[in-house]
Amino acid sequence: MIIDAHAHTNGGNLGNFKAGLLASRGYHGGHYQENEEALTRAINHHKTTILDAVGTDIQFVSPRPFQLMHSEKPAKIVDWYARASNDVNALTAKIEPQRYRAVACLPQSPEIPVKEWCAELERCVNELGMIGLMINPDPTEAGNEYYPGMGEEHWYPLYEKMVQLDVPALIHSATTINPWDYYQNYFITTETSCILQMVEKRVSNTFPNLKIIVSHGGGSIPYQIGRWRSNFGRMMGLDFDEELSKFYFDTGLYNVESLELLFKIVGTDRCMFGTENPGTGSYRWPKTGKMLDDTKPLIESISWLSEQDKKNIFEDVAKKVFTRFRA
Amino acid sequence: MIIDAHAHTNGGNLGNFKAGLLASRGYHGGHYQENEEALTRAINHHKTTILDAVGTDIQFVSPRPFQLMHSEKPAKIVDWYARASNDVNALTAKIEPQRYRAVACLPQSPEIPVKEWCAELERCVNELGMIGLMINPDPTEAGNEYYPGMGEEHWYPLYEKMVQLDVPALIHSATTINPWDYYQNYFITTETSCILQMVEKRVSNTFPNLKIIVSHGGGSIPYQIGRWRSNFGRMMGLDFDEELSKFYFDTGLYNVESLELLFKIVGTDRCMFGTENPGTGSYRWPKTGKMLDDTKPLIESISWLSEQDKKNIFEDVAKKVFTRFRA
Amino acid sequence: MIIDAHAHTNGGNLGNFKAGLLASRGYHGGHYQENEEALTRAINHHKTTILDAVGTDIQFVSPRPFQLMHSEKPAKIVDWYARASNDVNALTAKIEPQRYRAVACLPQSPEIPVKEWCAELERCVNELGMIGLMINPDPTEAGNEYYPGMGEEHWYPLYEKMVQLDVPALIHSATTINPWDYYQNYFITTETSCILQMVEKRVSNTFPNLKIIVSHGGGSIPYQIGRWRSNFGRMMGLDFDEELSKFYFDTGLYNVESLELLFKIVGTDRCMFGTENPGTGSYRWPKTGKMLDDTKPLIESISWLSEQDKKNIFEDVAKKVFTRFRA
Amino acid sequence: MIIDAHAHTNGGNLGNFKAGLLASRGYHGGHYQENEEALTRAINHHKTTILDAVGTDIQFVSPRPFQLMHSEKPAKIVDWYARASNDVNALTAKIEPQRYRAVACLPQSPEIPVKEWCAELERCVNELGMIGLMINPDPTEAGNEYYPGMGEEHWYPLYEKMVQLDVPALIHSATTINPWDYYQNYFITTETSCILQMVEKRVSNTFPNLKIIVSHGGGSIPYQIGRWRSNFGRMMGLDFDEELSKFYFDTGLYNVESLELLFKIVGTDRCMFGTENPGTGSYRWPKTGKMLDDTKPLIESISWLSEQDKKNIFEDVAKKVFTRFRA
Amino acid sequence: MIIDAHAHTNGGNLGNFKAGLLASRGYHGGHYQENEEALTRAINHHKTTILDAVGTDIQFVSPRPFQLMHSEKPAKIVDWYARASNDVNALTAKIEPQRYRAVACLPQSPEIPVKEWCAELERCVNELGMIGLMINPDPTEAGNEYYPGMGEEHWYPLYEKMVQLDVPALIHSATTINPWDYYQNYFITTETSCILQMVEKRVSNTFPNLKIIVSHGGGSIPYQIGRWRSNFGRMMGLDFDEELSKFYFDTGLYNVESLELLFKIVGTDRCMFGTENPGTGSYRWPKTGKMLDDTKPLIESISWLSEQDKKNIFEDVAKKVFTRFRA
Amino acid sequence: MIIDAHAHTNGGNLGNFKAGLLASRGYHGGHYQENEEALTRAINHHKTTILDAVGTDIQFVSPRPFQLMHSEKPAKIVDWYARASNDVNALTAKIEPQRYRAVACLPQSPEIPVKEWCAELERCVNELGMIGLMINPDPTEAGNEYYPGMGEEHWYPLYEKMVQLDVPALIHSATTINPWDYYQNYFITTETSCILQMVEKRVSNTFPNLKIIVSHGGGSIPYQIGRWRSNFGRMMGLDFDEELSKFYFDTGLYNVESLELLFKIVGTDRCMFGTENPGTGSYRWPKTGKMLDDTKPLIESISWLSEQDKKNIFEDVAKKVFTRFRA
């Protein structure tokens, strides 16, 4: 069974809904009306052209992260957009339960206390049957206000709720509003920061059962692991490799050399297949003539991986982590 | 010959000088007086305990980047500190010319126009005999003001001067004042941004002879290369690998798997040995009992590298890029 | 002939385009692709259900103002969205030239100089055949930065271009980002300010041929005319009624008493029929069972208006002002 | 009996007091000393030249609103100026009780909690015999900080005190410090916002006995009523006319057409005569040769008003609302 | 002859004018109308009760500095208030030319370029016959924006005009808006800074004929002279006493010990009698039963001063510096 | 016995420690390691060349105030630097107990509550044997944020702890980050403000036993005493001289005339010898050929001081105030 643990919404009319929320700043209220028929058409098309084409059995779909506009005001439009986004995915999983499961986003406005994000998480898990959530480490979207890092106690109410509901979180930031940067790179920056912040503040001591999946192969951490072995060792006496082994990672990388590095550094028992397809990697690379985000063949081609290694990646780790997933 | 192209100042009394500049905000003027005798002692100690110990023949030393305080005000203290920092390294190379060459820093205050940075570069190259420079991509040190990215024409006066003087630049940021982040990670972030910004704006079209060396193995770029192949291909029709081949990289990584990835992705003809020793990687790792920044053995151990590959890394690329270096 | 001079875009896929621009902050470029077939369907539906239903012969359609996001950054996404918005309306007028004419919006980012807005105006008029434009008096959308009022010379490059091209401007702000206010009220506020600012600074002295149409019956000006008669008379010796007679007004009010006040205060030779249908007034009012924005019957019911008065309102004034309109 | 419910302080030495408070930022303390003799002279002059000249029997005088400087710091100077302003009016009513009653202002510094404003209200009503108060909907005077709208619970302590004391409030803002705007227009803007904010948040549900008098004929609301019928109907299912009937209005308009609109829209049983004389409308209009703020003849000239309608306007509504007024 | 070189406006109706400018933010225009009769009464009263009472022959009157509101916006109200303030003093000198001369203030808004301040200086000197001016070293009134210190070239246009017109400047700041401080102390702070800034930047080298009179005995400089002798000597090789001898000082101190220190440190040939009477020192001190600002007897009581010393202080220095003064 | 009550740290490696804290923003932790041998050498040198040379028996040494960087972030680096600074002085007093006693600094970050500063005070007094502390009246270092003045209750937790421990405080600010000013002058400014703030708010009523020593002869207060006699007398009915007699002063002035003024105004029973040697006054003045901060001879030369006066200054007052000092 091939589980793609990192995929985002397809179809739905969320773009128009978001444009209206921003234009009206919430004056029209937050009611979102999906066109179920149109969504069903989109899902069918997606199922065939994407999932079947690359041999994926099931995708865990979360909202498009770069659309989540966590830093926008008033906070209520962030909340409404999050709820609508979750509704679209819940409907997707309901329409085609064999091929999709939904992963929640939260109304992560910096003006909404973390505790209040949890209501939406509970709704998604308990009422809509979702199996996990997505966390944006920087709700300011790189705005000028400082937001507590993911190691701070500020985040503990969410971690408590995650442990209580037994759901894992995919680390994936929204956009960046800093003109110096690109959202495509801010994903990498924030995934990296998430790990450093949580290790430094020893969050795992307080929440040993917290399940964190760092997207895109863990940002820059596996590649730059040497400097963290040194820094955390010298300054805190920490074994960084041991700390890293408490996180999970998806395989959202699009070349075999980097995938190999990931598996070597963190081990296949912490990795799960994830493609973000269609998305960042959806480009037919002239050098190979193939879609960059069709990475299953790349993984299968790594000769030093055992069959169990591959099963870990494609199926077992996801099943172990997403305990609420029933095939 | 083993050339270590990435190393920073040792010895000198710059800490006290900096503390005084910040405390007085420049009221005492900018005169820096080095104690040549003490510096000579420090250099001798360093030469023996560091260079000889790991088999390095010569280091290219630049100022300690995280000390450069580019965002401090008034701008004159940034300028004075930069000049004093360069003087210390010039003196180091003068005291022990067989083992050290100096690489300049610039007075990169956001309040000082780029054109005015060039006077110090000329002084360092023409008067002090330096062979290259260091560039901080974000002179605000992650402050709230936006600074033009390295792809913008804002930076062109510096690029013109670099080409005119035929000197390469090592990309290496100063600290970050953002409490969300760590300076050790901001190095990686800014090295990554430098490449993305310069590729996006096609700086190489205007400055085909510009020589940029990205520290620490190129930030996160080699590991995350897939997403840039896709993004730049899809949006701009660019061959990202070709663009990347216009940059140089140092080997400032501290584990063999990442070094292998670097060499595979960018090729040994774009890589030069660099350790930042003593510095970030100066930690005796319990798992091996060895210093993490003693990376020469790691590189030598990579079986698939040819002798020429290794000579590229340890000597030839540095000599080719630092044309002003005469052994 | 019934001309509705105040109407906005229907159909098009601009919501998704805008959501993408904001999420990516322009990283994906500004290419907008309209689905002409879908647009044609939407227009046909609109033509029948809206125009035919209320007896309107032709609508002058401009973009939805509250969507224009003039205050967003970077400025290029404001520009791209304006261009796409104009393209949709140009296509609308091309598909159904008997029933629609297009009115341009401009890329009114506060970071883009007024002079540069004019390029888009020229494109719309000279290349796309548009007959007028829309002006947002406050490009900051009530943000914290001060923007020069419409009486300031800052705006003169636009006024010069308008006179040169002989096109009138409909005054209509975008949204407000001030949480204290509502965009529906900010329209009224800015229409009011536009008149006060232009009168105070005597813009008509410099641009006697400038044609300004103030939406929604002139904001609060006709109702509050007494205080302006007094203020401008006492402080500047101005005859405010005379100044007011240099502006045009649309009939974007939804009750007969207010329409009567408008006609009494400014005269029917300065008024043109405008409904914003579908839009603000599209509500079936329980007290009458009729759509509030179906105002043609209201105007027709005013017994003291002559036939010529009504022809002024429904046809003649619009034809006189929009000289580029050929039926 | 002709009651003018909207008039402001005449005489007193408050200008010098205010200039001193601002210059010293409160360093000299807040003691204000009125010259009772000079005030008596001013009142006598006013009584004859203003009240008698237009046939007003009694004025309800509140402080000059545009002088109240609510946004100035430190907050204590706002407080002291409010108290002195109230003292002047209390003295006025004491000197000439047949012709004047006093209406309080409050120390509405954004830095002073609403609850603390109420102490001054109690002093004015209970100790100084005042019969109502004035509310500035925007204590920031259009500064950059957001202040809760009048519909928010933030304001409830004041509403509770008003109901408890059974006093009505005249809505009248102070100045605006926004250079884009004029204080004469900000009055209209804030009066409009007050109504919208209180309707949207359904304040009347919680405070059915709260009495709010909106100055200047209700800002732009009666003229623009159509859009609010539509918006509140469509979005909230509200009958806006019914909501509007919970407010009172003064007749601070200076032309007969607008007065007619006001009476038609809200009914004479919600309107009370108010002139702000001398003030905004004090201009001898060349077209008629009469003072614009002499509006009694205008109202009397409206043929479709019954005698009771006129008695409502000139006397009965004011008496009904200002229950503490005893002729 | 007893000349009091430091005194401020008495009488006039500037408080009400200022209150109106701030309330309207300039909307009513800047026309100021003095009541000449009332001013004459005030002057006569002042002449008798103040000048005659303490034996002063003539006062040089400038506007009340703490009222000048240089930091207020828009800049035009600063300008208008400055002009009105000057007009009052010009009228004072015209009404009673034997007892008063006028000293100008300038429209020192930070938003008005220094060059434009000079037009008002020229008007005051050339048209109104004034003999000097007053300078506020900090036009921001201790606001958050940085303003160039008096040593910077920013101020040179004013210095050039002063030299050209041959008029001296009394250094005297306006108020401070910093809640941490008092305006009474900010005078001392800015007088001190003025001297330090001008000495450090060697303004006297460029303007050897510039005449600067530092109020209140030179702030803290004479008392703290030791630290400046040391600092300027050690850092710049300057003889601070020599630099100080290029400034003039008034005797605005209210005790004999401090007056003695002033005369000892700077010499009587740099000092001129100044009382600010009535003003800061107008308090009958219980310990002596005398007014503190009646300082003539204090100076006369200093036994070690020669007759010429006293004549310097009371007459000669003022006559030498205010060359436009003709008795 | 000659006690110098105002002196600062000599020797130690705090400059490098501070530079590192700022560069790393605390990432490396706060461990400070003194080189006791080097410190001993520095102390021996200082003892001979400074203390013996001018005849001082013992110095009370506090940290170099302008280095304390109270406004830097994160707050932990302020804390760490304060602790290290105290450790250096504690070690100094331990190495040479006959010649030095230590006076503490506190971690006065504006982000650290006053109550938390007291833990370090207790450590210094109870564990390290210190005899007093130093207070910076403006922890923002003249930054843009307002900090409560020393008269506010905000400071009371510190005053309570001082009284409880029976230790006096030397008032001495850190640097200023305001480019308009110099730190050398900000000392004077803040010493002045301290007195004014504490007198105005009557702190001595609540803390009659609080012991405050104002550095540098009390800022500008003794010289400008006349204006405060007047202001506090007129506005508050206070006898300023009596209030001033509740403070202590050091003799940190460098000329005999100012020292005489100080003794005349405040009396020798409130003054204690203090030189800040080596420091601000360490300059060999060409006019005398002597060091300016060698002020013992100046004081001894004042003929009108009695032997007891001089003993007060050199010994008795210090012993009385620093009750924890045992010779």
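Going by the order they are written in, the chains are A, B, C, D, E and F; count residues from 1 in each one.
Methods note: a residue touches a chain if its C-beta (ideal position, glycine included) is under 8 Å from a C-beta of that chain, and two chains touch if they have at least 3 such contacts.
Small disclaimer: the values here were computed from a predicted structure and weren't measured.
**Q** Pick same or different for copies subunit B and subunit F, depending on whether their interface residues overlap by over half.
**A** Shared-number fraction above one half, so same.
**Q** In terms of C-beta pairs in contact, which of E-F and D-E ranks higher?
**A** Of the two interfaces, E-F and D-E, more C-beta pairs touch across E-F.
**Q** Greatest Cα-centroid separation from subunit C: which chain?
**A** When every chain centre is compared against subunit C, the largest gap points to F.
**Q** Taking each chain's centre as the mean of its C-alpha atoms, which one ends up farthest from the centre of subunit A?
**A** Between subunit A and the rest, the longest centre separation is with E.
**Q** Distance from the CA centroid of subunit C to that of subunit D, rounded to the nearest Å?
**A** Distance between chain centres, rounded to whole Å: 34 Å.
**Q** Can you compute the centre-to-centre distance for subunit D and subunit F, using the mean CA position of each chain? Integer Å is fine.
**A** Distance between chain centres: 56 Å.
**Q** So how far apart, in whole Å, are subunit C and subunit F when each is placed at the average of its C-alpha atoms?
**A** Using C-alpha averages as centres, the distance is 67 Å.
**Q** Any chance you could list the residues of subunit D touching two or more other chains?
**A** Each of 27, 179, 182, 184 in subunit D touches at least two other chains.
**Q** Please give the residue numbers of subunit D that touch subunit C in the complex, ascending.
**A** Within the complex, subunit D contacts subunit C at residues 138, 144, 146-147, 149, 178-182, 184-185, 188-189, 192-193, 196, 216-217, 219-220, 222-227, 229-231, 233-234, 239, 241, 253-255, 257-258, 260-261, 264-265, 280-283, 285-287, 292-293.
**Q** Along subunit F, where are the residues that touch subunit B in the complex?
**A** Listed in rising order, the residues of subunit F that touch subunit B are 14-20, 22-25, 27, 64, 66-67, 69, 73-74, 175-177, 179, 182-184.
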